[in-house]
Amino acid sequence: MTNTSGDVPAIEFRDVTKRFGDNVVLDGLNFSVPQGQRITLIGPSGSGKTTILRLLMTLEELSGGLILIDGDPYTHEYKGEKWVAVPEKRRRVVRNRVGMVFQQFNLFPNMTVLENIIESPVHVLGKSKAEAIADAERLLEKVGMSEKRDFNTNQLSGGQQQRVAIARALAMDPEILLLDEVTSALDPEIVADVLDVLREIAETTDITMLLVTHEMQFAREVSDRVLMFDKGQIVEEADPETMFTNPSHERTKEFLKAVLGG
Amino acid sequence: MTDDIQELIDRLPALGDAVLVTLEMTLGGALLAIVIAVVLGFGSRTQSLWVRGPSRVIVEFFRGTSLVVQLFWLFYVLPVFGFKMEALAVAIVALGLNYGAYASEVVRGSIASVPQGQWEAATALNMTWFHKVRRVIFPQAWALMIPMLANLLIQLVKGSALAYYITLQDVNFWTVELRRATADTFFSYTAGLIVYFIIAYLLTWGMNILEERAKRRLGRGTRPTLRETFSLKPPTNPRLANTQMPAGGGAA
Amino acid sequence: MNDDSIWDWERAWEVLPDLLAGLWVTIQITVLGMIIASVLGLFIALAMRTPSKWLTTPLKFLVDFIRMTPVLVQLVFVYLLLTAVPGYVVGFVVLGVHYATYMSEVYRAGIEAVPKGQWEAATALNMSKGRTWRAVILPQAIRNTLPGLGNYAISMFKETPFLFAISVTEMYKAGQDYGANTFSYIEALTMVGLLFLAVSYPTSLLVRRMEIRLA
């Protein structure tokens, strides 16, 4: 089912609507992300950026519309005229291609660092334990956490936990990686370490990435495209250079002025 | 007094049998209770009203009608419908249902205390619901549950004394027999209560070890001092204290 | 009367007055027992805070002993020992003492929940120790204990049927007696259970509301 030829987008939102009660967060949103692109979502809080990532991870249910991954229906589909949820069994097939790193790390405290990383490769992907451990060690090396392999997660600092969380997400070999404000909960002096890890991943892999971040400098370096959100709509879409130096929309100018303090 | 003690010594083999009956009820009841607690505890937090509604009704029913009534209802009334159970089975079922209903609130509360982010991270790693619960959520909730389940276990031992009235020859029965033989109420009942106390004490001790193990697996283990291991501590988790419990179960 | 049906409405109607009379006894015992439990429990909690090990060590042992042994056996024990005292009195006193051991924990937690700053403020105002307890600490501590008191009142209510063992005709015993006389337990025992539910469930909802308001 996987279609990775260049012309099928990695992610496609078609008329996506998301309501929480009476509050409409996303209203008929359309956008797509080509294979291997790095997209940063910016905008004021409550503009729906995080909701987009959470919908992509099926942490929230859609209120309407479709999300396609590599052209495959992911959460919902049309059967004739009827809009129906895709059964969990089929969602899981598609979900294997999507990984996520959270603001609060969300490591499992009942497992060691290594166990956190190999749990799903072994029990979801069905890798052999030896293979999963070898992969995990390679990833821990990559994020600079090799010595902490057998530590409990609560023996780690926030920055260390987040690097393990990144390794854990990568261990699932995702085609798409969602990064939800991954440095927001970290002390300022640790942020750079985590960003270095992400930068290296961006440079050495062809994973499609969707980032929500307040680190504008980082966004500028790694993204191919930046989407400015306001009230559940894309108000501006541009390459980072244009977006950060010469935005055209009034809302974008206000927002960037507020966050960059310029 | 020496006669009393001689009588007690003569009745030690019978005490062994009596303790065995009390322990059978305790362990049987606890096993049934934990199964019921997990099923109803998860049932009480599902989205589906068709599962949650009945789960809540069952929990409130077995908490709200007294254990005594439940036990004797099973003993006297159930045979009318053609279900004749052995007295031991009646005791185990009654204790299991009653304390299972209470324990389900402990399970529900502890599961709710596991941060939502743990569920979400497990979803992001594409685990099935069962996999999430078994490997991620339950091990964390378990450490929270144990102190309160330990309390319920002691309540269950105490409740099992009721079984004497449905013909079971438990520690309570042994106490009554000892009194009959010695005609000394104070001696025989003190002896009986001490036996119950020792059983409850050993169970509490075992549960403290379980708790320590569960915490160590969460990386929060501190080696307990000997005094902590042997102490009879009441539950202290303030977030869960709100769930209504039977006597001694955690209003503290 | 219809012989085929298991449930007989006529019998149910006939036993109801006995059960309601029993319910009244059950409520009386619960109220009297909880009064003892609240007062004695507070004294235990305060006594446990004294620095004297000669007092706290035996007291702690006694409290643990009472708390960890069956109240049913305790009831029969005291009833047989004090033959001159009526079962009704033995009933609420033993239940009261048993629950005092739980209530002492509730008070302990309630006292510990009063912020340390309150003690320090009282010291800064040069209040006497007794005055600090009465005017500052206990009023706050007791507020914290109300939900615990409510929960234990409900569980004591559901444990009063143990008093059947010492011949007190509370609600359960009333139902059991009727069953023994007519050889039909179903109506009486079912209704006893439902009456317990009818009182304890609404009460527990009230306590839960109180917990939320005080939290």
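In this document, chain identifiers A, B and C correspond to the written order of the chains, with residue numbering beginning at 1 in each.
Following the convention adopted for this analysis, a residue touches a chain if its C-beta (ideal position, glycine included) is under 8 Å from a C-beta of that chain, and two chains touch if they have at least 3 such contacts.
Here's who's who by UniProt: B = Ectoine/hydroxyectoine ABC transporter permease subunit EhuC; C = Ectoine/hydroxyectoine ABC transporter permease subunit EhuD.
Predicted, not measured: the structure shown is a model, and the values here were computed from it.
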Joint neighbours of chain C and chain B, given as chain labels: none
Central chain (distance from its CA mean to the mean of all protein CA atoms): B
Whole-Å gap separating chain B and chain C, where each centre is the average of the chain's CA atoms: 20
Chain A and chain C: spacing of chain centres that average the CA atoms, whole Å: 55
Mean-CA-position distance for chain B and chain A (Å): 45
For the chain B and chain C complex, residues of the former touching the latter: 60-61, 63-70, 72-73, 76-77, 80-81, 154, 157-162, 165, 172, 175, 179, 185-186, 189, 192-193, 196-197, 200-201, 204, 232, 234, 236, 241-242, 244-249, 251-252
Chain C to chain B touching residues, read off their complex: 6, 64-65, 67-74, 76-77, 80-81, 98-99, 102, 105-106, 108-109, 147-149, 151-152, 154-156, 158-159, 161-162, 164-165, 172, 175-176, 179, 185-186, 189-190, 192-194, 196-197, 200-201, 204, 207-208, 211, 215
Complex interface listing, chain A residues touching chain B: 57-59, 92, 95-96, 98-100, 102, 104, 106-110, 119-120, 123-124, 152-155, 165, 168-169, 172
Residue ranges of chain B touching chain A (in the complex, touch as defined): 115, 117-118, 120-128, 131, 135-136, 139-140, 217-220
